[in-house]
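Please find one structure pasted underneath; my questions will follow.
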C-alpha cells in the first residue's frame, strides 16, 4: 500500500470529485450486504405481517431501490450516473436473528456502483429499523459490506 | 411483548404513516453511533490527511449533517419535522481500527429524532467508505445503533 | 364569484407564494381520490400478484406516501408544512375496471393539505401505470378530485 | 395476453427495477395528455390573468418541465435517464371547460420516456389546481393518458 | 468584534448545526437583492419576450420561489424551517443594464430567513443567466446582499 | 446580434427545454468564478479557523460540489447530465477582502456545463455567507461570472 493516496483529496488535502472523463464506459455490477439484528420477538412480528397483504420487507425494499437512485445526492464526492438495474432482497434469518439485506446495482458507466448498492442496503436497513422501533429500542444495523464488484479498471472484487 | 403490533402497518397489514396529530410538541433528543472498520494502513492515510487543510472526516461530517435533514425523504413512513440541532462527531480509533461516528439530533416536535441521528451516522459512514474505497475494498460499516433517546411519551432510552 | 381573484397572482399578475403568517395553526385534513382505468386482463395480473408476497399496490402505496412529503418541492406556490399522517389506500375495482386510490393527509398548520392528498393520489396512480405499462399501453389516470377537506378559515368541503 | 407477467415483479412477486443494461440506446419520444376540468368562471379568471404579465399557465408549465426531470425520484421502479427535451403546452379550452395539457419528452436511452411525459402532465395539472383552489373546490384532474410513443423494442404506440 | 467566534464551528473547529431549540418562535422577515448584469442588446431581447405570453422573468421568478423552499438542502448548516411567504420580483433596469431581483421571505420560526431570501435571489439570477447564455457569454451575477432583516434576538438589520 | 432570439422561449414566448437530441456528445469543460466580499475582521476569523481541524472553506467547498450535481433540479430549463468532475477552490484574499471561489465542471454530454460551474460557485458563496452571518450582516456575493468554456458547437469562450 506504499505510495497510495486517497484519490478524493487533492495535493492540498482538499476534497474533490475525481475526474473520470478519460475512463471508458463499461458494464459495472456491485453487490452489497448488511444486516439488521433484532430480538426474536420482533422478528416474529415481522413474519406475522407477511401473512397479510402488506409487510415491513416490501416497504424496506422499495425504500432501498429509491435510495440507490439518490446516492450521488447523499455522498458528496460520488459521481452521478444512470442505473440500469437495482435489486434489493430482504430475508428473515432466525440465525441472526434479524433481516439479511442483499442489494445489486448495475450500470454502464465510467465509475463503479458500489456506493449505490451500499446505499440501497443501509436505507433498507434504516426503514426496517423505523418500522420496528416502537417495539424494540435495541435493533442494530451491522455488517454492511461490499460482497462483489465487477467491471472497471481496478478489476473484480469478490469478498465472500 | 404480547399484544404488541407494528404501528406502521394497519389492520390489513398495509403500510401507513402513523397519525401523530394528537401528540404534544416536546423537546426530543437522540444520539446514535456507528463504526467504519478499516485496515490500519487506511486509517493511517486518513490521519495523514488531517495534517493538511482538508480531510476525509470533514467531508463525512458535512454529509451526515445534510443527510439528517433529508431523513423523511429517504425513509417512507418517517414524519417530516424541523431539526433544531444536528451534531456529528467522527474520531479515528486505533482500537477498532476505524472511524467511530456519533450523531446527535434535537428538535421540538410530535415524534422522536432517532431516525435522523441514525441517518446522519450511516451517511457519514458511507462517505468515509466512498473516500477510502480506492485503497481498501474490505471496509465495513457496522454496529449502527441508538445510544440515547429523550423526550416523548415512551420515555427515556439509554442503551449504553 | 364576482370580485374573486386568483390569490396566487399579485396585482401585476406575477406568481407569489401567499403570505399565511397571520393565519392560526389549526388541524387540517384532506381526502382525495382518483382512479387508474385498466383492461380487465391487466387487473387480473395485478390481482394475481396479490397472491404472492409483494405486489403492485404495495409499491404504489409507498410511492404515494413518499410523494405527499415532497408536495411543496413539486408545486411552485405550495407552502412547505409538516405532515402528521398520510394514509393511502388502493383497491382493485372490477366495476371500473381498475384501481381506486384514496389518500388522506393530516397536519396542524396554517394552510390546508389538499395538495398533499392529491399529490399522493397522482403519484400512486403513476406508479401503478409504470408497473403495468409493459402489458397495457392504454391505461388512463382519471377522476382525480378532492373529496373532503376540514379545518381552516374557508370551512369544511364535502364533495361526495 | 396469455403468458404475460408484470415485469416489475420478480418470480416471488417482489418489486424490482428491471435490468435494461443489454438494451441499446435509441431515440425515445413520448407524448402524454391530460385535463383539468374547471367551472367556466374559473376558466375566465385564468384567462383574465393572461392579459397581465404573469399567469397560471406559465407557472404550471415550468412546474411540469421541472417535475419531468425528477420522475425517477417519484416513481420507485423507474430508471433514471437523461432528458434531451421536455415540452409542456397548456391551452384553455371552453369546450371542456378547463385546461388541456400536452407534454412531450425526448431522450436517447435504454428505456422509454412515457413516465416523464405523464409526470409532466400530472404536476402541471396539480399546479393549475393549486392556483385555482381558493376559488373552486370542485376542479378535477382527468383523462391523463399516453398519446404517442416512439423508439425502443416494443415499437410505436399511437393511441389517438 | 473582539471575542467573537464563528458559531457554526465548535471548539475544535468542526462544523455544526447550531442548537436553536431554546430560542422562541418569532416572526422573521428578510429581504435580499441582487443583479444580473447584461448587455443592452440582451436586455432588449428579454423585454421583447415580455410582449408575448411567456417570458424570462416569469420562469426565473418561479425558480427563485422554488429554490427558497430548498435552502436547507443546499446549505449544509442551515436549519430546515417552514416558509409562510416567498415573494420574488424581477425588473428590467436600463441603468444597470440588467435585471434587478428582490426577494422577501417570511416565517415564524426560531431562526431567521436571510438564507432563504438570498437563495431565491441567486437561483433566479442563475435562471436568467441560463436563458440568455446562448446570446451572451459575459453576463454577470453580482451585488447579492441582505437588504433588511426583522425578528429574532439579534435585532433589526437595515442595510440600505 | 440581429436576428437572435432566446432559445429557451418558443415562438409563442413560452418556456421550453431546448431539444438537444441531435447534438453530439463531446467533452465539455466550464470554469466559473465569484467572490464573497467580507470585512477584514471576518476574514481574520475564517483564517483563524483554518488553524484548527475544520473550517469554513471546507464546508463551503463540499456544499458547492454537491450543488453542482443538483443544478438541473434548481434551474427550470437546464438539461440533466452526468458530471465527470467537479472541482471547487476557495481562497482567502486580503485584497478583496474576502473569499475568491473558482469552480470547474467537466462532462461528456450534448450540452455545456456552465450552469453547473456557476451553481457550484453561488452555493459555495451562500455557505460562506451563512457561516459568517452571525458576525457580519454586510457580506456581499458578487462578480459571479463564466471564465472559460470549452467543447460544443458554439466554440471556446475565454472571458479572462
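Going in written order, the chains are labelled A, B, C, D, E and F, and every chain counts its residues from 1.
Simple rule for what comes next: a residue touches a chain if its C-beta (ideal position, glycine included) is under 8 Å from a C-beta of that chain, and two chains touch if they have at least 3 such contacts.
Because the structure is a prediction, the values reported are computed rather than measured.
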What is the graph distance from chain B to chain E, where chains are linked when they touch?
-> 1
Identified repeat of the B-C interface (over half of residue pairs identical), from B-E, B-F or E-F = B-E
Find the geometric centre of each of chain A and chain D from their Cα atoms only, then give the gap between the two centres in Å, rounded to an integer.
-> 31
Multi-chain contacts in chain C: which residues touch at least two other chains?
-> 10, 14-15, 53-55, 58-59, 61-63, 66, 70, 76-77, 82
Select the category (line, ring, star, complete, other) that matches the graph of chains linked by touching.
-> other
Taking all chains into account, which pairs touch?
-> A-B, A-C, A-D, A-F, B-C, B-E, B-F, C-D, C-E, D-E, D-F, E-F
Chain E contact footprint on chain F (complex, rising order) = 1, 4-10, 12-15, 34, 41, 45-46, 49, 51-56, 58-59, 62-63, 66-67, 70, 74-78, 114-115, 118-119, 122-123, 125-127, 129-135, 137-146, 149, 154, 157, 159
Contacts from chain D onto chain E in the complex sit at residues 50, 53-55, 57-59, 61-63, 66
Which residues of chain E touch chain C in the complex?
-> 27, 58, 61-62, 65-66, 69-70, 82-87, 89, 106-108
What does chain F use to touch chain D in their complex?
-> 10, 14-21, 72-73, 76-77, 79-82, 109-110
